[in-house]
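Next come two complexes, and both contain subunit A; in the first it sits with subunit B, in the second with subunit C.
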Partner chain A sequence: MLRYLIRRLLAAAVILLVISVITFFIFFALPSNPALLACGKTCSPSRLVEIKHSLGLDQSIYTQYWEFFKGLFVGRDYGDASLLVHCHAPCLGISFQTDTPVLDTLLQDFPVDLSLALGAAVVFLILGVSLGVLAAVRKGRAADKVAVGAALVGVSLQIYFVGLLLMYVFVDKFSILPTPNYTPITQDPVAWFQGLILPWATLVILFLALYTRLSRSSMLEVMGEDYIRTARAKGLSSRTVIIKHGLRAAITPIVTIFGMDLGSLIGGSAVITESVFGINGIGKLAVDSVTNSDLPVILGTTLFAATFIVLANVVVDMVYGIIDPRVRLA
Partner chain B sequence: MMRRTRSVALLASATALVLGVTACGGSSKSTGTSSGGATKGGTLTVLNKADFDHIDPQRTYTTEGSSTDLEIIRSLTGWDESSGTPKLVGDLATDTGTPSNDAKTWTFHLRTGVKYQDGTAVTAQDVKYGVERAFSGDISGGPSYAQSLLVGGADYKGPYTGKSLDSIQTPDANTIVFNLVQSSADFNETTAMPGWSAVPKAHDTGATYDQHVWADGPYQIQSYSKGKELVLVKNKYWDQSTDVIRQQNVDEIDFKFGQDEAAIDQALVANTGSAQTSIQQWPIAGADLATIANNKSVQDRYYKIPAPGINYLALNTTRITNIKVRQAIEYAIDKTTVRGAFGGSAYGDYATTMLNPGMDGYTKFNLYATDPTGDLAKAQALMAQAGNPKLTLSLAVEGGVTTQTHFGDAVKASLAKIGITVNITPIDASNYFSTTSNTKNQYDMTWQDWIADWPNASTVLPTLFNGKQITASPQSNWDASYLNDPSINAALQSATTMTDPTARNAAWGAIDKSIAEQAAVVPLMYMNFTELSGSKVGGVIKDTVLAEPSLVRVYIKK
Partner chain C sequence: MAIEISPQSVDVAPPSSFLEVRDLRVHFPTDDGLVKSVDGVSFALQKGQTLGIVGESGSGKSVTSAALLGLHKGSRARVTGEVWLDGDELVSMSEQDMRSLRGNKVSMIFQDPLSALHPFFTIGAQISEAYRVHHKVSKAEARDRAVEMLKRVGIPQPERRVKDYPHQFSGGMRQRAMIAMSLVCNPELLIADEPTTALDVTVQAQILDLIRDLQEEYGSAVIIITHDLGVVAEIADDILVMYGGRRIEYGSVRDVLKTPEHPYAWGLLQSMPHLGGDVSERLNPIQGSPPSLINLPTGCAFHPRCAFKDQVADGRCSTERPELLPVPGTDKHIAACHLTAENKIEIRSAADRLAK
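The block that comes next holds the complex of A and B.
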């Protein structure tokens, strides 16, 4: 088990390294000019040279990548001698746009995405699987049709529309909830909860259908297996058959998808939700960085998101070993 | 002056729906406006879709950032707009400065009693240091007037190298003298930009000064989380008796960044809860503009601000070389469909000149069609004189922006009527101006807009039509029509250095006309910028210099 884990983590590190190289070189292959963007509207050639130097863009691509890579382990120094800024290891660089260390911004935004992702994920997983199981057990009956139908309506609605509509009804029109906002849970748990209800609801509406339908079909398949018939024939209660024998086997593919979804949500994939509600996390940061040709932030957000997706995969594989005894990790 | 594009968000259709709901069932509350004076106290919330590029006074060049700087810092001169028309006044300085040596030397005396947020006095040396910062490569983004106007500015690399700029002299703590490379009669309007302000060396944090701007205005930074929130609180050392522009009414100004612009528009229209004490600095989204402009219930908190800005189509004169064809295009463009693309009449009046009405140097004339729909007969006649060439022309517009897509279609339809096929080329919006201002670009026509840095032709015509910049700064050429006419270049240089205001204004008007005779650009609209506030926000001034709702005298109604 431990050897397996170490091997997987080493492989993950290699994947991240490759992603960083690809991102870096794609950035320079594209027609963008961050120094010119930073320079402002009327930019003389001599001023452009100064700004290129200030951003470190006057060095070769290979030197720039090496500086970035080295910074991850030993940190970097920025700026002229009189105003030296040190970026501590692991240094992901300093944003061209805001002149702040990328890692600081990521760590500051991370609790936002974590709160958003975990809160929504818990609800859509439990609700989705429950609805799916209910629909499977009552296949063809009203409960099945309502559960599947409702979930389908949810996923078919545009997220922009759902978000704005929820805002209009709950905030702008009837003032039932405060304007969505992120308050750290450590500072005020009630405000944290209230501020995130609408974003959570939006994400749940978006993801619920997938989990309902996935659980339903997976459950239907399992419930047709011979061993379920055997379990029933033994005289086990239908509750035990469904939960212990059926769901335990049916949950494996759901866990796989859930791991990936959670990883990418934490890594900032809920960007439209962030933007509609003005709760700015890593997703918004990533989109803005591309708009601003802000290479250090593009690299930082890409690596950050990739780290969570890769880690989520490792965790999912570990969980397999626990929920499904047939899987042996070695 | 830069501004963020008035763009259409992803949410266009969804918002139209939700806003439609609002327009019918929305706020029926009376706003209870009283004509009484400003009340003290309360918190103003500013809802913005994005953070400012910069609020470091030497780096900001956006209308939103500059307008916000008015709350925090004071420049040498400033604009008092409380009467409805901009009036240049001394801000840090006691008056609007004294020119000498044929306006090549300018002297400003500072007011006494102006203090920073720690109670120390603002000195002329701090202003010198502030202006010098703008020369450093680390302090990027700001305008380039200091570099081009001050003696020795072309080679100076900023104060962080340990050197200072000799052409700025500070004979005593309250006097500052600037020596310029040429006569500049409106230099004291240049000094109303945020960069001409004091930065105390001890509090300068270089490239990170955006988050640490040291206040000498009525408000100071309490906290600033980039991309999220900026909180300004009262600077207790600011003294009303030293300031003719600002008031210190609200206790706190809270800028929130990153909410979608459609969600902001929706909240301000609905006007409930905290939205009542909120305002926006980014213009109303293009897709929402017509709905909001026609919504009677919001009119008393809807600010339509005529900007010193022009929306125009640049014709590349080195690619469309036949002047008859260019004149035919002038007659053929249907400005009504073009304006419709940008949001209709609320967007602005039809333009026939490059200089806006109300700007120094503006002269009214119209060389082409008197009807905004164009004059097809004249256009066709001109094309016939040109030999009816079967032309295919490329047109660059901002990509992924609905208003721009509609604009491209409107131009295409207009020119199809005179036998010109238009190929619309969308360019990624964030790289649009860096692409079109690069002389390597291959477009026959480009969409452009320009906002003057102050209401004077000197910040419009020399930048947009001086052909010398094509070779001098090939990556940052704003002469989008590639007009390089020696007589126009000479006239621009001559008008720039004229010191008699009447002669100077006449000269600008004449240049504007000769550019129109060359049919180098099709002026489309004199731009308005439109914003909404909540019903409890009072004292907002329409700042026609920055094209922003000015917050310098804002208050919260009780």
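The block that comes next holds the complex of A and C.
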């Protein structure tokens, strides 16, 4: 088990390395000039050269990547003696725009996405699986049709529509909730909760559909298995048959998808939700960095998101080994 | 003596037999029409006796046995008729009451133990669960019971194997574990649905011996469902031959296997290889395939595949459904075939000559 974990983590490191190389080289293929952007409106050719030099853009692409790679482990110093910025390891570089280390910005925005992702994920997982199981057990009857229909409506509505609608109803019209924003939980738990209710609800509506349908079909398949008939033939109550024997087996494919979704949500994939509610998370950071051709931030957010997805994969595989005794991790 | 030949002649009083099934029908409404999986099946069984139900795939054997456990309750299936078990009628019984019988008084050994055992729970957990549903015992006591059962069905090192998962067992071991699970509450009626189909021949014999030994020990009534007449000949007292969800022949094993009355039963016997037979001789399978349960052939459901229908006058085989009539000179042997006794004697002796 431990050997398996170590091997998987090494493989994950290789994947992240490859992603960093690809991102780095794609950036240089883009027809953009970050030095010019940083230089501003009153830019002189000598100033441009100076900026290029201070950002390291006058070196070859290979040297630049090597500097970046080295910085991950030993840290880097930027600028010259007069204006020295130290970026300690693991250094993801310094933003061209704000001159602050990328990692610091990421870590600062991280709690936003973590709160957003975890809060929504807990609700859509529990609610989605419950609805899916209910629909499967009552297949073809009213409860099934309502659950499937609601799921279809949920997935058809776009985030910006649902989000704005929720805002209009709960904030503008009836003033039940404050305008969504992010307050750190350590600072004020109540404000944290109130500020995130609507973003959570929006994400839940989007993902609920997927999880309802997924668990419904998985459950339907399992309930047709011979071992469910065996469980009934033992004289077990239908609740035990459905929850203990049915759901236990049906949950495996759901765990896979859930791991991926949670990983990418934590990594900042809820970017539309962030921007609809004006919450500044990693998603917004990524979008801004692309519009500003801010390479270190692009790299940083990409690697950050990729790390969570890759880690989620490892965790999912470990959980698989716990759920299904037939899976041997070696 | 009147043998029940139509649904009208059903008795009302509880029967004297331990198990009595009267005119059992299990119909499934589907988009294509009504599937009559079981259509008017009756039989009786005493404690300590074994009934073999024989037929091809889709003849209604397994659906019949599921009906005896009340497993169709809560599904779309329409179950009618009566199933009397020790004074209780099971078809009209509530799911709640049926549940207390399932796995307890009536239990079932399923066909394919790999798919019938839950892959995520240990063998021990699955056996003790079956015990704990019907007995107020601690987990440790139930576990001891599971070990004891595994030992009884001949699994070596039961204390260790009780912690194994089904995939860690061999096919024969799994079937033994399945049997241990079915017997954990000492059922009075044990239904074995093709218990040896997935197993190789040596293991088959062991499993049959095991079922017989356990039956002697507990005096249970056993129903064994199979398409293998060899299994029936070895273990059963009575035999019920089903075709298209109906009974076509019923009687003691002696009578039915020695002088089968229905061409389908002959066909089943002839399609079996015989020890010491000529290996170069081809087996004689029944031509055609099992009938559709939505649109059974008119008349005798077997007539499209029957080689002897021309010997019956006026094409009655395709127009008139034959009644189950007693075979003269036997105790309870009945069969549904239009062929006359003379026809049958002639055909049988011709077949015997061919065999020699």
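The criterion applied here is as follows: the second predicted complex is superposed on the first by the 329 of 330 C-alpha atoms of A that agree within 3 Å, B and C clash if a C-alpha of one lies under 4 Å from a C-alpha of the other, contacts with A are read in each partner's own complex, and residues count from 1 in each chain.
Criterion: a residue touches a chain if its C-beta (ideal position, glycine included) is under 8 Å from a C-beta of that chain, and two chains touch if they have at least 3 such contacts.
Keep in mind that what you see is a predicted model, and the values were worked out from it rather than measured.
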Kindly classify A:His245 by the partners it touches after superposition: subunit B alone (first), subunit C alone (second), both, or neither? second
So, A:Phe277: does it touch subunit B (first), subunit C (second), both, or neither? first
Output check: A:Leu36 vs subunit B and subunit C. Expected answer is one of first, second, both, neither. What do you get? first
State whether A:Lys234 touches subunit B only (first), subunit C only (second), both chains, or neither. second
Would you check which partner chain A:Arg3 touches, where first means subunit B only, second means subunit C only, and both and neither mean what they say? neither
Identify the residues of subunit A that lie in both the subunit B contact region and the subunit C contact region. none
What residues of subunit B sit close enough to touch subunit A in their complex? 2, 10-11, 14-15, 17-18, 21-22, 50-51, 53, 61, 136-138, 140-144, 147-148, 154, 157, 160-162, 204-208, 210-211, 225-228, 256-260, 262-263, 266-267, 270, 272-275, 430-431, 433-435, 463, 472-476, 478
In their shared complex, subunit C is touched by residues of subunit A numbered 225-227, 229-238, 245, 248-249, 323-326
Any idea which subunit A residues touch subunit B in the complex? 31-33, 36-48, 50-51, 53-54, 78-83, 85, 97-100, 105, 108, 158, 160-161, 163-165, 167-168, 171-173, 175, 178-179, 272, 274-278, 280, 284-285, 288, 291-293
In the complex, the residues of subunit C that touch subunit A are 66, 69, 71, 74, 99-104, 107-108, 110-112, 115-120, 122, 129-130, 133-134, 165, 167, 181
